[in-house]
Amino acid sequence: MMKVVTGVVGNDIHVVANRLIDISLQERGFEVFNLGVNTYLEEFIDAVIETDAKVLLISSLNGEAEGWCRDLSLLKSQYELEGVVFMIGGNLSVGEDNPDVIIPKFKRYGFDLVFHQSDLGIGLDTLEAYLKEHV
Amino acid sequence: MSLLQRDRDIIVSNEYVDHFDFDEVESFIRGASKNLFISHAFKNNKGKTLVQPRGGFPTYDKVFALYKEFKAANVDVLPLTIDSNTRLNDYAMAKKMLALSEENDVNMLNGYPLVNQGYRTTRKMMVHYDTPVSLRHGTPDARLLIEMALASGIFEIEGGPLTYLLPYSKNFPLDKAFLYWKYVERVCALYSTLNEPINRESFGPLSATLQPPAIVIVIQIIEMLLSLEEGVKSFSVSFSQTGSVMQDIVTANVLKKLSRHYAKQFGYGDAQIHLVYHQWMGAFPRNKNRSDSLITTATVIAAMVEADKIITKTRDEAFGIPTKEANAQAVDCVQYTLAMLRGVPKISDEAEEENLTLQVNEILEALFNDSADTLWRKAFNAIKAGYIEIPFSPHIINANEVITVRDDEGSIRIYNKGKLPLSERSFAFDRDKIRIPEGHSVVDKIIHDIGVML
Amino acid sequence: MSLLQRDRDIIVSNEYVDHFDFDEVESFIRGASKNLFISHAFKNNKGKTLVQPRGGFPTYDKVFALYKEFKAANVDVLPLTIDSNTRLNDYAMAKKMLALSEENDVNMLNGYPLVNQGYRTTRKMMVHYDTPVSLRHGTPDARLLIEMALASGIFEIEGGPLTYLLPYSKNFPLDKAFLYWKYVERVCALYSTLNEPINRESFGPLSATLQPPAIVIVIQIIEMLLSLEEGVKSFSVSFSQTGSVMQDIVTANVLKKLSRHYAKQFGYGDAQIHLVYHQWMGAFPRNKNRSDSLITTATVIAAMVEADKIITKTRDEAFGIPTKEANAQAVDCVQYTLAMLRGVPKISDEAEEENLTLQVNEILEALFNDSADTLWRKAFNAIKAGYIEIPFSPHIINANEVITVRDDEGSIRIYNKGKLPLSERSFAFDRDKIRIPEGHSVVDKIIHDIGVML
Amino acid sequence: MMKVVTGVVGNDIHVVANRLIDISLQERGFEVFNLGVNTYLEEFIDAVIETDAKVLLISSLNGEAEGWCRDLSLLKSQYELEGVVFMIGGNLSVGEDNPDVIIPKFKRYGFDLVFHQSDLGIGLDTLEAYLKEHV
């Protein structure tokens, strides 16, 4: 079973999507390590290393993703994280914002898959397709 | 110097706070304009549902501009929503993000970092607008925050040890939350003797997701009693649109009745108790015109339940922090709707109200029967024991056994009662109304019922 | 050849009409898709309030585009609103303006000139969309118009001798209107035997300005009976938002009860009677967001009164004929609101319903007691005598003595009963609730009460 | 007392404003000849001549004003109508339209005072001011 670490990043306590993501990932056959809400980037990285997960799926709903994720490349360079798929989704900016601006921005921060205000099902379909191709 | 004052001195001695001048603050509050007190507005607005939006931006100028927009839309109560770093007492991060926001004219915070901004600055705005302001935060340890708020001229403080913890925190210790909120109540009570009373408001929406009315009301009553115990004289209980018109009406009727009943029973019959209605707090449709319809529908219901205050949402809800224009538009439309609505019928449903009253009393009785010596310890034990829990709490102390779904009329019903101390009878009343469609799991039903407004 | 058929031949022999092929029309209706019949939708939509906008443009293409927009918004019933020249049988002017509209791509008519367009053309559109269409006109002499409509596949005909005359005409002779509508009823009854029944609908909003429910209901019942007398089997009674939620509920309850009661009493217990609710028909606010709020509020009320159909307004109402986008947006939001509303309580008010029933029965009794031999003659005499009249009719036969104003709850009350045959008791019930503010004249109050939604 | 002929032009039966205009004109001291709704331009002109009115105040609400009023200049040239003030107001176009387009258009048709979707009180104030200046 492929291992996924998931959770909600930063000082964000929106838990509803997190519960649904947990269920959906399990239904799709992943082994899920759900760190829940209010999880910092370092904690995510630690968990990925500890569990040897192949996917890190981060949610952010309260608009503060950018502040908490801009250091991802830095962390990636400090740890052995080859082959891990970095994915983020939810509501990635404060206020209404254009996906055409947001998605490239988060890709630059080091995410492979970025979903701003998009459907969970489509996001997970894309993840599975991506995994088939790249892993 | 009183024990409390010693605590207060420590609290405000913080690297993020300029010198805090208690004497100056006291004399400010003593002489403050009555228009800053919502408790005063409640008294003089008999019958009119006060309208309050939500909103806050990182910078002073943006909040100032937001308030201007609200005033033009005839707002009754201004909000000051605090950013989520401040909520978690992470003033360092808030400071960093505030600086970024100011430099780049971009909002790097989802609210106003009141502690970093300070009361001297903030008060200028409050005095300028001379309108009641409500502090919206979600902070378990709000001691410093509310000192700042009261010193700024913000005379309504939302929250409570349960309502700002269970939905808003993952592992902040509940016992500490009780004690920190005791501090808040005491400061509010203290300042209440100087001028009009400071109003405290509980946050009934909780996690805004399939919350059963019995639990909401129990928690409202506990927080009300904890507040009145410390000497607060003006308190608002609240709940949010359930998704069923009838359930909203029943909840409002029982909440009004029981909050007054218990206030009296505990010897606080002199306190003013108000009812606040939150427009739909769950997931909003991603169609702004439909969001407008949802907002108006909620307003009609608020009129039907005769709320003393309504807290509004915006057409931007599903997308992000609303623009000030969208926010003010909602205020204007809600005011229009309330003013235009006439001949709104007074409704009740005896059987529903009787059962809800029974459920609330059963849970409260179990709590009151706990052997602990104080109410907060009884409440603490009740939560630890799972006698009280809320669906969809991120907090580790929450039992997470209760499952709720909607019946065919849209009312939220208890499917699994976990350890809630409900009698067979009062539980069966709920449970018997649930019908899971054939071929669907309970999880399917829950997911469906969360998205009922989409 | 029957007498009726002889009349029909004359009617359709008109310089503005191409050869009218009755046999072809009959076989078209006989074989027409069930989806074109609203009577069929009523049967199969048990519980769901059907949503119908208003709308019509001069040219075929614009109506086609309008319908496309409506279908995308999930409309249940399409409208075809007729321009006001056609309404007054001024086909020459309609022709001229249609030509101008087509040439210059500008709307020189406020609706669709169905007679000039002809049924062969119009039917293409109806068959294409395969959705029930309702004819909205306001024509006292609609004989030619409804032949055109039915031949086009429009199987709901709105109007009646009173409701399309008193608010819509200055001096069209009332007795003629009765006879012309008898023709309409007969043709509808005739075609009703071929496939699903043709639905007739009365126009309860009347002049949409301070109409007292008693008069609205009386007129609804008269038109219903006149229609059923001629063999119509599916009929909709209607009224428009009064401005008081409670008065809407009371009106709906009494209208439902009494229309069924009188249909049965007169021996038409087999007819289907439906209830239609019109969103606010009076003056709209000149703020489009507020108009949206008014539209949603009306939708909530329609759900509360359990209307079988709701007829929508738009955010453009105060400005002019709505754009198709604004019109479709209203349909979408109304559908959203109806679908999202759950647990809507069933309400009644005994005292109000009793008095309204009394008022209606009193007026109808006076009418039935008239010595004339037919119902339409009794009705004609009642209007001539001022036993029935509506406020704000432009028609010369209208007595113009009745004065209505709102009470403090917003309900429309009879201030001056003119010659309405109301008992002291039923009149006093209304009159006693009126309070004219000190220093105001009755005219001031009327002007204020007209603008209650502004 | 200054005489005013008023009414609603064409096949328009919106009577509510007409009733209010009648009352308002009387309150302002005019002698009012109200032809009511559904009145044609020729009928208005006849009434002005017959009563020797100084003001013709036309309402139109249903959007069809243009079709019924475009011939005003023609009629004005056929009859002796010097010194009569021609005024129109209400809702002068089908659909939403720009007053900056509509007002000049109706002035070209021969109206002295044109009010599109404007307040009655302001309209009548303007009329009185205009009368003071021109008559």
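A few notes on this one:
Labels A, B, C and D are assigned to the chains in the order they are written; within every chain, residues are numbered from 1.
Criterion: a residue touches a chain if its C-beta (ideal position, glycine included) is under 8 Å from a C-beta of that chain, and two chains touch if they have at least 3 such contacts.
Because the structure is a prediction, the values reported are computed rather than measured.
Both chain B and chain C are touched by no common chain. Taking each chain's centre as the average of its CA atoms, chain B and chain D sit 57 Å apart. Chain geometry summary: the mean Cα position of chain A and that of chain B are 31 Å apart.
Averaging C-alpha coordinates per chain places the centre of chain A 68 Å away from that of chain D. Touching of two or more other chains is recorded for no residue of chain A. Contacts with at least two other chains are made by no residue of chain B. Taken as a contact graph, the chains are arranged in an open line, each linked only to its neighbours along the path.
A list of each chain pair in contact follows: A-B, B-C, C-D.
Looking at the complex, you find that chain A touches chain B at residues 10-13, 15-16, 18-20, 23, 36-38, 62-64, 66-67, 91, 93-97, 117.
Against chain D, in their complex, chain C makes its touches with residues 84-85, 87-88, 90, 93, 97, 100, 107-110, 167-171, 207, 209, 283, 286, 316, 318-323, 392-394, 443, 447, 450.
Residue ranges on chain C touching chain B, taken from their complex, read 243-249, 285, 287, 289-290, 292-294, 296-297, 299-300, 329, 332-334, 336-337, 340-345, 347, 349, 406, 409-411, 452-453.
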